[in-house]
Amino acid sequence: MAVTDVGGARAVQRVDNDIDADTQLDLLRVMLRIRCFEERAEALFLAGELPGFIHLSIGQEACAAGACLALRRDDYITSTHRGHGHCLAKCAPAERMMAELFAKATGSCKGKGGSMHIADFSVGMLGANGIVGGGANLAVGAAIAARLRQTDQVALCFFGDGAANRGTVHEASNLAAVWKLPVIFFCENNRYASTTAAGAALSIENVADRAAGYGMPGVIVDGNDALAVHRVVREWAAHARSGGGPVLIEAKTYRMRGHYVGDPQLYRATDEVEAQRARDPIDRLAATLAGAGLLDLARLERLRAEVAEEIEAAVRFARESPLPSPEDALADLYVNPIERMP
Amino acid sequence: MPEMTFTEATLAAMREEMRRDPLVFVIGEDMASQGGVFGQFKGLAEEFGAGRVLDTPISETSIVGAAVGAALCGARPVADMHFADFVACAMDEIVNQAAKARYMFGGQCSVPMVLRMPDGAINSAAAQHSQSVEAWMLHTPGVKLVAPSNPYDAKGLLKSAIRDDDPVLYYEHKALFKTRGEVPGEEYVVPMGQAALRHVGSDVTIVSYSLMVQRCLEAADELAADGIEADVVDLRSLRPLDWEAIATSVRKTHRVVVAHEACRTGGVGAEIAAQIGEELFDDLDAPVLRVGARDVPIPFSPPLERFVLPGPADVAAAVRRLM
Amino acid sequence: MPEMTFTEATLAAMREEMRRDPLVFVIGEDMASQGGVFGQFKGLAEEFGAGRVLDTPISETSIVGAAVGAALCGARPVADMHFADFVACAMDEIVNQAAKARYMFGGQCSVPMVLRMPDGAINSAAAQHSQSVEAWMLHTPGVKLVAPSNPYDAKGLLKSAIRDDDPVLYYEHKALFKTRGEVPGEEYVVPMGQAALRHVGSDVTIVSYSLMVQRCLEAADELAADGIEADVVDLRSLRPLDWEAIATSVRKTHRVVVAHEACRTGGVGAEIAAQIGEELFDDLDAPVLRVGARDVPIPFSPPLERFVLPGPADVAAAVRRLM
Amino acid sequence: MAVTDVGGARAVQRVDNDIDADTQLDLLRVMLRIRCFEERAEALFLAGELPGFIHLSIGQEACAAGACLALRRDDYITSTHRGHGHCLAKCAPAERMMAELFAKATGSCKGKGGSMHIADFSVGMLGANGIVGGGANLAVGAAIAARLRQTDQVALCFFGDGAANRGTVHEASNLAAVWKLPVIFFCENNRYASTTAAGAALSIENVADRAAGYGMPGVIVDGNDALAVHRVVREWAAHARSGGGPVLIEAKTYRMRGHYVGDPQLYRATDEVEAQRARDPIDRLAATLAGAGLLDLARLERLRAEVAEEIEAAVRFARESPLPSPEDALADLYVNPIERMP
């Protein structure tokens, strides 16, 4: 875990290892849920059961889990086109999410959104976003709303290495910094933006190095180490919560699957992907927990089985749910509907 | 009834709504010391403090995007776009976020925000500071559009817009800010979707909104002198649209001119003309004519600007072509 | 004549024009290894090198803004917007820079650029990846709009667009990319502003463009089976607009349906219907009807998406209402 | 003249004083032209002779002159809403500019643009811009065109402290840096963006400190010292011209007049403005030149008189020029006009 310069002053990274055992196991469980949900979704998509297209976060589960479990339920997150993990980690029920991927009326978005617009406002998950970089200003707004209501909620904005080059991220970063808003800009640098290697699009090595330009702490963390991510987010969320202002956290991770399911991935060598298997965030946390005596094989298998059953139930629920009726397309546009479309 | 300017009327609306609801707040550029670029927010920072009147950097995507985010979390932002032209710098935040959030998330959330947009041409402000671009948003389902023509409506519609749970785009013509009119001291709202008949006649229907209503009224007076009596329908809001008001008048007059300051091609007038043509075909005795700016950017030089912008004479001429 | 796909036809146009003129270059996302998100630029990086096929970061204001800047300095960029929806992220660069530069600088410069915009709904891509938003630009003087419906036109119009000295917005429907058609091996251009009559009949005029032309042709076949013969006018470009082609057909048929995939309200159909209502009033035997998507964002779920999008049946139904 | 960190490495600022006497006098002359042009425009505006509105760069002349005289005629500049100085410094003729302010047919833009869209493409001045931050990507595009044509032209983008917070500047900076384009981002930090103090909108003290976030050299220069500005731009233009890539130069200056002519300036104290008079860039250069024996009072007066005569002639030309005829409004939209507006 590296730390970058903060406007001259050094951001001190307090390294504490006090993540309690329950939380450590929760992190593992959430990561397993994400992995299982997405592997299932991938298979279902390839089998032609899911319409639309799908972006998987397999390999990046430590980011979603580590970050979201460091937040409160009433904290906000904004997400990206790759949002299943964020949504699950914020404790959204898997059934409604799966039903959404199935385009069913029981889906989180009643079948109107699909994978790319997965959202669960009841847990503060303000939505995946089909516009890269679209979530940054939404998070700033969430933080403004919290301040206005005088709550101590924070807003965490997930974004990618590719999104870092959008102007929205710049404007949001500057604004959050000027107003010392409780925003955590959390960049999942998974080394690619679609077909483009981060290095070919980012003018610097580390996204976190841009933090100094906003007078914001910039932190780099191993994005495949759930405990490390968790510690960093917990610390900076507390900092933001107590009025310390925003932070930019860059999690170095890797996208193990294609940009979307079906991506021929001509832009990278299979070797490169294979080499990353050694960094698998789930295996890694499991090993750590085992080493600490918190997990044995039996328990891991039990966990896997529980998660598999949850996701299988979600698939059953989704499959058995009805499709929306065509006229439902006209609902949900306005709170106060307009009788005649003008 | 007290008289006040359009600006004062919007200020009264802001003050009343901000007192009523602590979740209403203002976000935009040049709020604190100038009270907005046209003084339309003057005094709000003093009364409500910097916590509710947020003075932003020049970051349009943040102004609109943060308003959307805050609205999604239950606050009620009134964001200001400085000049309506700059909406192009935050177009995504309006059309892909504000307009779609509720729908694409299946009704889980709402976006109770108002975006105020001073628009229209005044004083040779030239191509990038003179536009009327409401038509872009008429073609964007998910937002509502309001365009008052006088101080009374300015106040009443702004209050409705702030109370509405959907995103409302509030178009206020820059040349209206200093106009005066009667505005009740007591509390009232003007509901969106109710047009007003500003001039009554049975020969022709003139449909308009915003500043152009004033130009149409001048035309109506001029026409009346020649014995041509016009209904002047002030739409007040474009979505919701008061179709009944239009239809009732057209069924009476059988002749229509639709007028707006925005350039003619692809403007709101096209939509209204098309709807009238579609639904009131048998009631029409003549083609529906449109009056709008010529299809060029607004030029700087006064003779050019005058030539491009539509005025009372253009409305009157269109009416005469129908007679 | 050789058959090729729409994608191949645009690629042929790109290759010919890039060989002809070293100042033509490509700028957009995912160009190098993928050849554009739909493969519509495949092989260009290999043939012309990274100096002429520029693979950008996710920075839409730079893609369009740099294209404008390069065009002002004599280069001829072909910029790609990935999905037409993202145009909202670079709206200012189109409407306030590209469209206005020549005019507001008094003709000192020109902006010979093409902006390619894959638009339309396909495969449940949902609200932010399915839009048809050409109407925004029809209301923006200073840009030209092209919307081919088949491979032949795709090539010929793209070549015209690249050679034109004004900014041209090139709308290519995503569902067209894989369609096949005859495309000459030799060099040709399709001039902008010339519509094509795709089906001939004297009972009704159907005006359309882009993918929707194919839907209209299906409708025309269905109607023909019932003895209703339709003219199907494929506009090919929306600005310049081939008014004569529309007028000639309407004077023959006296009945009109205008159809597009974009949502109905405030769409291009409104403008065309309004013009027909204005100028061909006496030729009309029935109201001009419009077919378009319902006024909501495009939903994800297939039954909803189908319900919202207009299809051949909607066109045929509209025609039947006129008979 | 300070220098900021450049991606770890220090940008070495070669201080050379080899500005030849002619150039030094040219700098003074250009600054006097700008001052005279703008004072005249201000008076004419207040007298009601000019329509529209006007933004003056009085106090900032060293930026325009110092930067533009370090460029070649065939180099490009993009400008802001405060563009008279940039245009004059790039050697545009004053008559056509003044005629443009008068909204006359003989104006640089035939009366279609006015002050806010002043432009002279014949000298590479790609236009003032009413959209704050609108010029940054245009400059990137100009640099791309130069590279495509394999010329060694550079593009200089003037922008303000306020514009620095727009996303366009971020996107342009990153892109120019990734592609090592010959772009000089020249920020005139005049301490205000309209009514907003730079400090209230910028999350950091120096705009130049953002350069590091793009892996670009960031340089701070006294924007009221024409010689210093000239040296810095000359050096970095040469660097860019020879393939060294972009630079971010921040010139610390001060806007002596209101944001626009007529601005009540409630946001700052008169004292503050008065205190800045001591930094007047013209007086300063005149004193330096006098100290170096390059200027005496007589020569200064002669210079002033020549410039005044040039501007007076421009006013005469403008006054005597015809207004455009109304129908001219329909010309100049398209190169290949459209017969029927659709």
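Should a chain be cited, it is by its letter among A, B, C and D, assigned in written order, with residues numbered from 1 in that chain.
Going forward, a residue touches a chain if its C-beta (ideal position, glycine included) is under 8 Å from a C-beta of that chain, and two chains touch if they have at least 3 such contacts.
It should be emphasised that the depicted structure is a prediction, and the values quoted were computed from it without experimental measurement.
Q: Using the stated contact rule, I'd like to know whether B-D or A-B comes out ahead in C-beta pair count.
A: Of B-D and A-B, more C-beta pairs in contact link A-B.
Q: Which chain is most remote from chain C in terms of Cα centres?
A: Centroid comparison gives D as the farthest chain from chain C.
Q: When the C-alpha atoms of chain B and chain C are each averaged to a single point, how far apart are the two points in Å?
A: Chain centres of chain B and chain C, defined by C-alpha means, are spaced 30 Å apart.
Q: With chain centres taken as the means of their Cα atoms, state the distance from chain A to chain D in Å.
A: About 44 Å, centre to centre.
Q: Between chain B and chain D, what distance separates the C-alpha centroids? Give it in angstrom.
A: Chain centroid spacing, chain B to chain D, equals 36 Å.
Q: Quick check: how many Å separate the C-alpha centres of chain A and chain B?
A: 39
Q: Can you pull out the residues of chain C that are in contact with at least two other chains?
A: 56-57, 59-61, 85-86, 89, 92, 96, 103-104, 126-128, 138, 141-142, 239, 265, 271, 295-297, 299-300
Q: Which chain A residues sit where two or more other chains touch them?
A: 109, 111-113, 117, 129-131, 165-168, 171, 174-175, 178, 200-202, 333, 341-342
Q: Which positions of chain D touch chain B when the two form their complex?
A: Touching chain B: residues 51-53, 103-105, 107, 109, 111-114, 116-117, 129-133, 162-163, 165-167, 193-196, 200-202, 266-267, 323-330, 333, 341-342 of chain D.
Q: Can you list the residues on chain A that touch chain D in the complex?
A: Its residues touching chain D are 7, 165-171, 173-175, 177-178, 200-204, 209-216.
Q: List the residues on chain C that touch chain D in their complex, please.
A: Where chain C meets chain D, its residues are 22-23, 25, 27, 51-52, 54, 56-57, 59-62, 64-75, 77, 92-93, 96-97, 101-110, 112, 138, 141-142, 144, 164-166, 193, 238-241, 243, 271, 275.
Q: In the complex formed with chain A, which residues of chain C make contact?
A: 29-30, 32-34, 37, 55-61, 85-86, 89, 123-129, 264-265, 294-297, 299-308
Q: Which residues of chain D touch chain C in their complex?
A: The contact residues of chain D facing chain C are 76, 78, 107-113, 117, 119-122, 126-127, 129-131, 134, 136-149, 155, 167-168, 171-172, 174-175, 178-179, 331-336, 338-342.
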